[in-house]
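The next part holds the structures, each set out as structure tokens.
Two complexes are shown next, each including subunit A; its partner changes from subunit B in the first to subunit C in the second.
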Partner chain A sequence: MTDQTGSGPGISGIRDDYMALTRRKRLYSGMLLAVFVALMMSGFMLADDRNAGGFWSGLHRIFDFPEAVIGEAAEKAAELPGHVVKYFPALVETLNIAAVSTLIGALGGAVLSMLSTRGLARWPALIPVFRRLMDLMRAVPEIVIALVLIFVLGGGPVPAMIAIAFHTTGALGKLFSEVNENASLKPVEGLASVGASWGQKMMLGVVPQVSPNYLSYALLRFEINIRASAILGFVGAGGIGYELKNAMSWGQGKYDESAAIFLMLFATIIVVDQCSSYFRDLLTHGRRSEMLA
Partner chain B sequence: MTMTADPRLGTGLKGQAEALFRRKRMVSFALPLIVLAYLTYAFFAFDVPGLVASANPENGKTLIRDAYSYKTHVTRDNRSGAVSIAIEGERKGAYPDGQAPDWVDLGETTVITLPRGGVVTFGPDAVSYDIPGYGLVTAQPGRNGAQAVLPDGPVPDWINASKNRVAITTDEGRVTITRNKTEVFRYSTGWELFFFTLDSPYHGQGPLDLLRRAMGGEAGAIWHDFWYNPMWMHAAVAWALFETILMAFLGTFGAAIVALPLAFLAARNFTPLMLVRQAFRRLFDFFRGVDALIWTIVLARAFGPGPLTGALAILVTDTGSFGKMFSEALENVDGKQIEGLSSVGAKPVQRYRFGVIPQVTPVLLSQILYFFESNTRSATVIGAITGGGIGLLLTQAMITQKDWEEVSYYICLVVLMVFAMDWFSGWLRRKLIAGDDGGH
Partner chain C sequence: MLRLERLTKTFGANTAVDAATVEVDRPMMIGIIGRSGAGKSTLLRMLNRLTDHTSGSVHFEGRDVTALKGADKRAWQADCAMIFQQFNLVPRMDVVSNVLHGTLNKRSTLASLFNLYPTADIHRAIDILDRLGIAEHAPKRAEALSGGQQQRVAIARALMQDPKIILADEPIASLDPMNAQIVMDALRRIHEEDGRTVIANLHTLDTARRYCDRVIGMLHGRIVFDGTPDQLTTGVARDIYGADASFSEEATSTQIDALTRRHQTPIHA
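And now, the complex of A and B:
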């Protein structure tokens, strides 16, 4: 009754309320946007200020280097196949670093993820410990471990491999444990009822359920690890990155070798990217592949 | 009929099942074998045996010991007899003349007490080291060499003695005697001078004393002495951390701003023209395919070393990733809301603003924040290459190969920074996107 009698002012009241709400929302989003723009602008100016060369003065020079490299490569196009053959072993080393570290990281990550998933854990009380351990492994940047190990072990692929494997264990462990959450516990219970040990339960009860997803994540990680191992090579740990650093340091006139390495790295990344996305789509049965770096 | 058909069917099924089992069994044995074979190959391809032989465990020991302890150098100039004391042997850690830690007794004859009973004396013209459980080593270093006299008996392997140089290495310290100088290293636990250097009036004061002085109006001076500590350079380190986060911030959000409009051009439902769509998709693939490493090198040539170069390298690489992900998100947009808007006469821009953006914002924001967090790590690595932020400090400290306490300090800071960013991006994600439980 009261509603009906007050329907006129009620509607306008609602409208006023709505408009006020909208205005407030707009104000908040506007303020947020302003803060964000201010942050971006001041951040850009600050970074520009701290940089050796300014942004605006460098902008027109951005294509100078690629031009020089491509120009020289085109000039000495006949030598390119030779360079490709020369640096092929280094590329294989980079791929090997990525593959071995992905393999080790996936195995370690699988074990850690099972230890830190409720319902599967060997020691349920220690689940938080293993979770924090994975967080820690994920947090340590690869370069830190690689540089320390290069100091102790000397340069070469092994420090990079260990560093990437360490990080991969943490990263994959987290993704795997999300997969584990969705695994059915019935096979595990069945195996437990016939007296299977923890390892058997995991191996026979869980792994068959989760292996397509595991593989899919591991392939994605392999892709990322190729990039990581190329970068770590640049700071001293073997592979194509190291060769690239050397080739770059020879400077003008020798860019044809750098060009060959750029080309090989680019081609490898594209090929692996395409293959892995094909296989991942296959593994997840047409489910759209997600990008997770 | 059924009697005869059943066994035949049975054997057929049985045969199939057996073949299946055989195949499964083979796979389950072959797979680990292949992995093992590959690892064995890698073991030799990486030359692990050679590496084990050439590894330098001494370096590892130095690293670990330096991480939790520091050494104080007490040096006697053998020609003048002058004694100087400096932490880590650095000038900025030097004790002023006439001052010494309590285990050094300066005087005509300087007496240095090492832990566990070792005593080193620097006399006017001779030095001695009384090693508990071994005996007294004396030396008269000068023009004619170290001239050390060791106790009788075979020389243990922790003493390295020659005519011109005697080095004694024990757990509690190290004594080196050469013609020109005699040096004693004494190890102590902790990160010395972390708060204040020796020339600061606040060195060695307890937190309560400092608090009282801060209340008394010296807060600014105390902060200044701590913040600009020449040994640990807290101001520079804080700046470097900020620079790393700045690189990640500018790179990630810059990439998002660039990629959003381009993503519309690469999405099937917004760009019906195949050619344009394919062109932009290939462009994204190119940006992603050219690795961050290559972008960093190319951009460093144009802009010189610094944080801006790192930010731009992240920006360019992530434009590719974001473009791909955003266009996929846009393809999954529900068309009904856009239809509804066009039915009330909305213009294209309004359709995008009110029909599309609200739908994709949560997805995009969560992806952007996730990348922001992961780019903090990348910025550390890129900083090491292009020269900016904590990555640069870290590599510099490592190259000197002596400031390992600083290296461990930086490592701790990097890990804390990544943790903080992880937490921050998760918090922001939950705040901005209702219903998202901070997945990923």
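And now, the complex of A and C:
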């Protein structure tokens, strides 16, 4: 047997070679660790110097705010259900903004991702153009777009929706295009052989392969967008963020209301998370039973 | 030494292993045969505690293995090495590191995180690789090796654990006949030279016949045969596989000389 040789005199050489390799690796990782610690320390010190308040002097006050919120909420615990009812319409508005913008962003992202994936693109020469377009969409913070649009269109849910959808298109486009790269091109070739158009090849050849991953990324993005749409409420886009901003200001005695809003946001994220794992399971398990059948 | 008593595993309405009772009194090489879905893998996985049992018990040297928890359970897993069909190595790490994983139960998480293994262990790992004939591949990534070589790395990892029992779940099912023979020879040698008990799930009858001291046949989760290879006649084998008279064990044989047996013509490699 040819590959059962290599024993005998060679073994001490192999040992020494491997030990030398190990020592070199250990030296490198030790140096890397030292550089990492040094950079973190110096960076922290620099940032702390430039801080207005100072990290160590403010550290013990970090828990003052949560303490005040929880204290006040506990005092007025009986009023919490009333607050939940009061702010529920605002929560629905926030959720609607997030849902619509995720939907629009996912559709736009899917199209852009197909256009910018090698092997699938309609115009291969334009792949860099679509990639840079998506980079641009991700680079502009949604709060900037929202502020500009609120200035032009006036406050309300529509500017927030456009701003989040714009950002979502860029973010999902990138993630979707990574999914597309792993899709098999064989079905696409099969459809090309029967004379299908580009749209038909994408819808019938690629989408069935990638839809579970698309769904899972889109649902994660929905979670992120709920939070984004709550933040945009702070700058006048309406929804629960606006209510939270009012309730959260210091010294108004409305911390019980902000506690109620925090609880509602938390509950919403839990519900969305549970729903998304349910649907993902359904998709993957559905496929498995089909395959076994 | 090792005693399984009415060991049972159910998945919902399905019973994967149904009241398996086995007594092993001395170190030996045991082959478990049966068709796919007969519960062979589940049985081995319950022995290693990778899968929890539903009822029954496993005793090893007077200790109830099925009752172990936490660190005791992990210590048992280190004593009871497992070899998998798909090798289950870490593909992007080098061969020696994969073998050194066999000592993880004795090392702290922090030390293994920074790859700080004692020199003596590294030397022992290379010696084990040398014993299995693959020492020259020591610094390579595991994914760069062929299937047969990877399976020998997995056996080296198992030996590094210095286990009392070696469990092998279809160790040769993804290998060509040549590599299958090398791997089975290695397992047999480990049993003979080190006196370790080896329990292997095998998908071919002739491998079980040729390498094992004792053969256990499973059908639909039940143990339907337990005896020496000599007692394993073609009629018994048909019962184990639930096959009819057209069943021939040479038809699925992966052994190289099986071809010779059928056609009585020598083959030239």
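Methods note: the second predicted complex is superposed on the first by the 210 of 293 C-alpha atoms of A that agree within 3 Å, B and C clash if a C-alpha of one lies under 4 Å from a C-alpha of the other, contacts with A are read in each partner's own complex, and residues count from 1 in each chain.
In this text, a residue touches a chain if its C-beta (ideal position, glycine included) is under 8 Å from a C-beta of that chain, and two chains touch if they have at least 3 such contacts.
Since the model is a prediction, treat every value here as computed from it, not as a measurement.
Of the two partner chains, subunit B is the only one touched by A:Asn96; subunit C is not.
In the superposition on chain A, A:Thr22 makes contact with subunit C only, not with subunit B.
In the superposed three-chain model, the partner touching more residues of subunit A is B, compared with the other of subunit B and subunit C. Once the two complexes are overlaid on the shared chain, A:Ile11 sits against subunit C while remaining clear of subunit B. Interface residues of subunit B facing subunit A in the complex, by the touch rule stated above, are 35, 38-39, 42, 45-48, 51, 54-57, 59-60, 63, 243, 246-247, 249-250, 253-254, 285, 288-294, 297-299, 301-309, 311, 321, 324-325, 328, 367, 370-371, 374, 377, 380-381, 384-385, 387-388, 391, 394-395, 398, 401, 407, 411, 414-415, 418-419, 422, 439-440. The residues of subunit C lying in touch with subunit A in their complex are 96, 114-116, 119, 122-123, 126-127, 130-131, 133-136, 138-139, 149, 182. Here subunit A touches subunit C in the complex through residues 1, 3-7, 10-11, 14-15, 17-19, 21-22, 25-26, 29, going by the rule given at the top.
Those residues of subunit A that touch subunit B in the shared complex are 36, 39-40, 43-44, 46-48, 50-55, 58-59, 61-62, 64-66, 93, 96, 99-100, 103, 135-136, 139-144, 147-148, 151-154, 156-158, 161, 178, 227, 230-231, 234-235, 241, 244, 248, 262, 265-266, 269-270, 273, 288, 291-293.
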